[in-house]
Amino acid sequence: MSTYTWAAGYVDDGDRPQIVTSRFKYDDGYTLERYHATGGYDGLRAALARTPAEVHDEVKAATVLGRGGAGFPAGTKWGLMPPGKFPRFLVVNGDESEPGTYKDRLLMERDPHQLIEGCLIASYAAGLAQVFLYIRGEMPLAHERVATALNEAYAAGYIGRNILGSQFSVDIVLHWGAGAYVVGEETALIESLEGKRGEPRLKPPFFPAAIGLYGQPTIVNNVETLSNLPWLAVNGAEAYTAIGTATSPGTRMVAVSGHVKRPGVYEIINGTTTFRDLLYGDEFCQGIRDDNELKAFVPGGGSAPWFTPDQLDLPFESKLVGAAGSMLGSGAVMVMDHTTDIPKAALTLVHFYAAESCGQCTPCREGGTWLERIMQRLADGRGSHDDLDQLFEIGQAICPGVFPHAASERVGLEAKPFPFKMTTICFVGPSAYTAVHSAVTLFRDEFEAKIVERRRIPVSIEAVGAH
Amino acid sequence: MSRLNEANVILAKEIIGRYPKARSATIPLLHLSQQQNGYITSEAMVHIGELVGATSAEILGTATFYEMFKFEPVGKYLVNICGTMSCQLLGADELMHHAEARLGVKAGGTTADGLFTLEHAECQAACTEAPNMQVNYRHCHRMTTAAFDQLIDDLAAGRLDGEIPPHGTLARVRQQIPADKAAGVASLDAPAQPAWMPAPEATS
Amino acid sequence: MTTIDPDTTADDTVEAPPVDPNAVNITVNGVPHVARKGQLVIEAAADAGEYIPRFCYHERMTSVGKCRMCLVECDTGRGPAVTVSCMVPVAPDMKVDTQSETTKRMQEGVLELLLANHPLDCPVCDKGGECPLQDQTLSNGPGESRYVEEKRHYEKPIAISDIVLLDRERCILCDRCTRFADEVAGDPLIHFNGRGNNTHITTYPDEPFSSYFSGNTVQICPVGALTAKPYRFKARPWDLSQQESTCTTCAVGCRTVVQSSRDEVLRYMGVDSEPVNHGWLCDRGRFNFESVKSPDRVLQPLVRDGDQLQPSSWNAALAAAAALITEATAAGGANSIAVLGGARGSNEDAFAWARLGHEVIGTPNVYAQMGDGLPAGLLGQPRATIDQAAHAATIVLLGPDLKEELPVLYLRLREAAEKRWSRIIEFTPKRTGLSPYAWRTIGYEPGTQVAAVQQALADPAIAAQIASGDVVVVAGRANLAESSAATVAALRELLAAVPSALVLPAFRRGNVVGALQVGMRPRPGGLDTRSTLQAAADGKIECLVLVGADPLADFPDTDLARRGLAGARRIIAVDSFLTASSSLAHVVLAASAYTEKSGTTTNIEGRVSTLARQVTPAGNSRADWMIAGELALALGGDLGYDTVDDITADIATLVDGYAEVTIEALAASTDGVVAGVPSAIDPMNVVPVDLPDRNAYDFRLVVSRTMYDQATGTANSPSLAHLPRGSAVHLHPLDIERVGTTAGTEVKVIGPRATVVFAVVADESVLRGTAWVPFNNPGPNVGDLIDCFAAVNDVRIENI
């Protein structure tokens, strides 16, 4: 019986700095008792000893990059709120559902107090009136762990009125999602939290920092982003930026799944760890399963254009990965070995994005489904050469112009850098096209091999027995 | 009685009270009604509309956006097999075929005894543990066909009743915000500078 | 230390043009253009002559940017960027490119995707020929579809209300209808359902889209997804001829287009008139054109022969009518003749009838109101326009439920409150359609308005609000079961407290304001309607002329109306239908209806706008003004009018306040011309209110109109006729308990004059201790309980 395999996913080998996963080694890392025993809420105390502006400056100085996908620095994001406009809200994005991504769930299940402490530090620094912790509906264990932790923290005086005897007061409200990938987009998350359909709002003109929840300034931060704050508050920006590179400081959690020997979630050093380290390194995945050949990998969640072995030596640095034609996204690497049926694998992703389209804008709603149907036909061996061209035509209606892809020696391609133009409101529509575009661009031969040209069968009059 | 029952109305009002606008409680209340009845009834949506101040059409519009909400009875156990990339790479198709054969229903169907509803699901955030599935949203990692059979046997025999509540019940722990500790709901009508922020805030 | 630069002072004859702070310099397809600050790219481009295709964008609603049809490329210095032109405002030096290769590709792409699941059933689609999707496919589309997959299928069409049908296969999910329902009408009863490729619009099961404004969704639907029953499969757009006109269903005066084919009116469309209706119409106004072609129209003059009204020639009928008037004059003098009505017709009709009454017949007893408004003196107050009301800092409501009586004014004021331009302070004997949007709703028991106003004015918060800016009072009759005295007194209190306040009269009936202003009101010593009916009941009226008036249906006190009509010795009716009242007449002169005659009409704000004659009058019916002219001739007088324009010109010359309302001015302005406030109109006297002692067991009666009632226009329009809610007594749920009955049960409602049996409806909008009954609805007649001379009417409610 394999339900609730607690430790699953996280692999704690090697001698790497642990900013957010330090308590994963304990079976009871989620309890207040363990949290207290391991320096819990010291970050909050450290923050309260300083002015909100000082804490905010520290976060800015540390350049804590957002871990939800876009990689926007949290401190800068907080600073975008119009001065003097209150109340302000924090919405915690715990709606993790990007294909390949598995880290926020672990953080909520295994160290909920760290997240809560992060929320409190953010609220203190940015003057936030109320926190809504939005957890994906399909994660009841995370709900239970976070609810328990919140109850403990209220009882202990960490949340609520006059926290730790200070002037600082804030409530954290646990909120449930109900199954919709697109709600992970920050404006859709706000719509959903307002009790509406989780349809993204158009940005620009409305950025949540200015006009967010209930029309008020709102910070939407990812679970992992906030989980960095307690460590940062205790150890300071200098210690934080000492890890990683100047543009990508600190660590980040990366889930490596698919055809590797040791799939798992790893807290890696930002900016320097390469994909080769991660896929082949002893402290990480230890190579491709059965020592097979690596065919391709998705470097940053299902929305990211694919890489091939040509890109293995790139580090986890967003500018370099962008120039190479993809993105780091949400810290998810999906690995395909040489046995992989590329059309089928790509189909799972286009199916995902087509199914998860919110349906409000035309290119995504209509284009995603159309792409899926053609891909299904191609994967099933019922497609045609025209279908392959048609995929790109539909893609042009979603992402007009040049679409990014990786360089490939095998098919003689130069990289086209990230990002792309898009006709849609959010990234779901382009994401449906990404896997299609990558798969057909890098592995057109595999699609062509499945095509059986339909031929018109000559019918002779005699053969059907007519007179 | 498929409106919210008395106990749940009390709970619903408590939940509504945590938000600056009542409508925000729509999804938690829909979950509450699904917990009560196993699915979302028509009367419950009307009732929730009354509670949060929205029309039934608006509640229905919200509810049908989210795939966890069911508008007809489903099995006691909702079996969701993930088919997204990492799981597909490691045998999700085979697991689904096996599940369909074992349960005797196609994806989307419910077994005749009303115990199991089988569904194809999208990424469940457990990609490193593929192939993955959920029973009433409780994760089951690295599934094999043998493990699946064992799981179904255990569920059917009631051996997992303590671990997996019937469909509709999500978390068995609820957040409590004690009145004496609460900071209070942010007021949209009377906006105020937070007490701990230096006033007036620097406008640089 | 100032230094003077010789270079800049040398040419001091050239002054720098004043810099407009709201000007934003942009280029549109390379051509410089000055846009307004905050203006959306799509609008700025339109001003520059470049129409950007769109489906979801609607200038009267919030942009949502969903259809993606309006994508263009804009360069603000960082290279061309894909820009949603309906969401993004212009920026300085923005280069808008609506014709770039990328723009073209996006437009073709979006259209191909929109058509992917569209059924392309244009040959049988009512929208064909006026369909934005069709038009834009022609001008911007890819020319062929490569979509070979199966299309989405839905049951089609489904009725989402009594009037509107929805075809979800044609729907392109632009969010116009749903946005309208939520944002403009405040009736979010249709909504998106499902997600992604399965997204579709529906109502909640068994809760129809029963909005008073549902027809607007049909008009703004950019495809043939929404259709309205009255027009389905009736015509093709290229078969229609059309003219702009003004709706006279109520006194808001919404601009419309009247469309007809083969001399039959088939459809009304709202016209976007900035000061009035913003393109919206209520369903009653939109669909009651059906009554014009009703088989029950009076098609020729009728003359009574014993019990029967017999068809007659115009000559004979006019002679008969003239004879009745001559006899009456002989019997009782001109003062024994009274003319009631005129609110249904045009300004010209009313002016001709006023002259006939006052000058040819010589009676002072002429009146356009049916005892259901406020004294005509209200029109002498400094008047607000609708726009002023909808932008006032404070809107004070002291009148009827605007949603029921002046529906598009309701939309305008609701918008003002929702957009936080205005705060509404409402005084009402029953919660109204605007109560949810009011800043303060002050309920009062009928008769106690003055105290309610005094108390409110003493509230510091309310006083501060009123002092915060301009104030418009919307004043009218909230309750037909009380005299107008208390409302007039309360209005006086308000105006005394806020002398700068403007008044918007909430008069309801079509052209009642025009009729009163051009002269359909008593001359000194003349009788108003109540006094006329009383005089008739007392046998003092020798001849009663009903010009489109139906006192038996419209006068609140049915008993008096009944006695008045029975007591009038002679009755002449000018009408399009045989109503309860006109069927009692000795002579019925067949009147042509709206859309059958041209002229002008005056709305509540005094705005005069044109009426179009789009079809031939039914049968031998004639315009009221013609009938007046011919009757004058038959009486030996001559009004001197050959054409309707003659009268319009005469009104401009002769009527107080109408000097600016010339034919030329009307022709030059699409929004009409606002007439001035009459300088001399009867003062609005405050009559002391003598309230009877309040018996705690009694209920004070509140009676008011609903949008759908038994009005001839509604009752003779098949699409609307079944919509009145029906007569019933509405009580607060706690009062139902107090009476010891239950909702749905019949009870006796007992007044001093009569006992009427009604079913009980539980209604939280009714104040405790009051009983509300909708007026002129199918079922038992509440008018039997109303004494129009009483300050208020109290009733007892007993179980049967």
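Note that the chains are named A, B and C in the order they appear, and that numbering of residues resets to 1 at the start of each chain.
Note that in this section a contact is a pair of C-beta atoms (placed from the backbone, for glycine too) under 8 Å apart; a residue touches a chain by one contact, two chains touch by 3 or more.
These numbers were taken from a predicted model, which means no experiment stands behind them.
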Chain-level touch network, classified as line, ring, star, complete or other: complete
Pair exhibiting more inter-chain C-beta contacts, B-C or A-B: A-B
Distance from chain C to chain A - Cα centre to Cα centre, in angstrom: 53
Where chain B and chain C are represented by their mean Cα positions, the distance between them in whole Å: 47
Between chain B and chain A, distance of the C-alpha-averaged centres to the nearest whole Å: 21
Residue numbers of chain A (touch at least two other chains): 180, 197, 355-356, 358
Multi-partner residues of chain B (at least 2 other chains): 54, 58, 61, 65-67
Junction residues of chain C, two or more chains touched: 192, 194-195
Touching residues (chain side chain A, partner chain B) in the complex: 1-5, 8-9, 51-53, 83-87, 89, 96-102, 104-105, 124, 127-130, 136-141, 143-144, 147-148, 150-151, 154-155, 157, 159-161, 166-171, 173-181, 192-199, 214, 216, 255-259, 263-265, 298, 302, 332, 334, 336, 340, 344-345, 348-349, 351-352, 355-356, 358
Residues of chain A touching chain C in the complex: 180, 197, 202, 204-205, 354-363, 365-370, 373, 390, 393-394, 396-398, 400-401, 421-425
Residues of chain C that touch chain B when the two form their complex: 187-195, 202-205, 207
Chain A contact footprint on chain B (complex, rising order): 18-21, 23-28, 30-31, 52, 54, 58, 61-62, 65-69, 80, 83-86, 88-90, 122-130, 134-143, 147, 150-151, 154, 160, 163-164, 170-178, 181-188, 191-198, 200-203
Contact footprint of chain A on chain C as seen in their complex: 64-69, 71, 81-82, 84, 87-89, 102, 105-106, 108-110, 112-114, 116-117, 146-147, 149, 172-173, 175, 192, 194-199
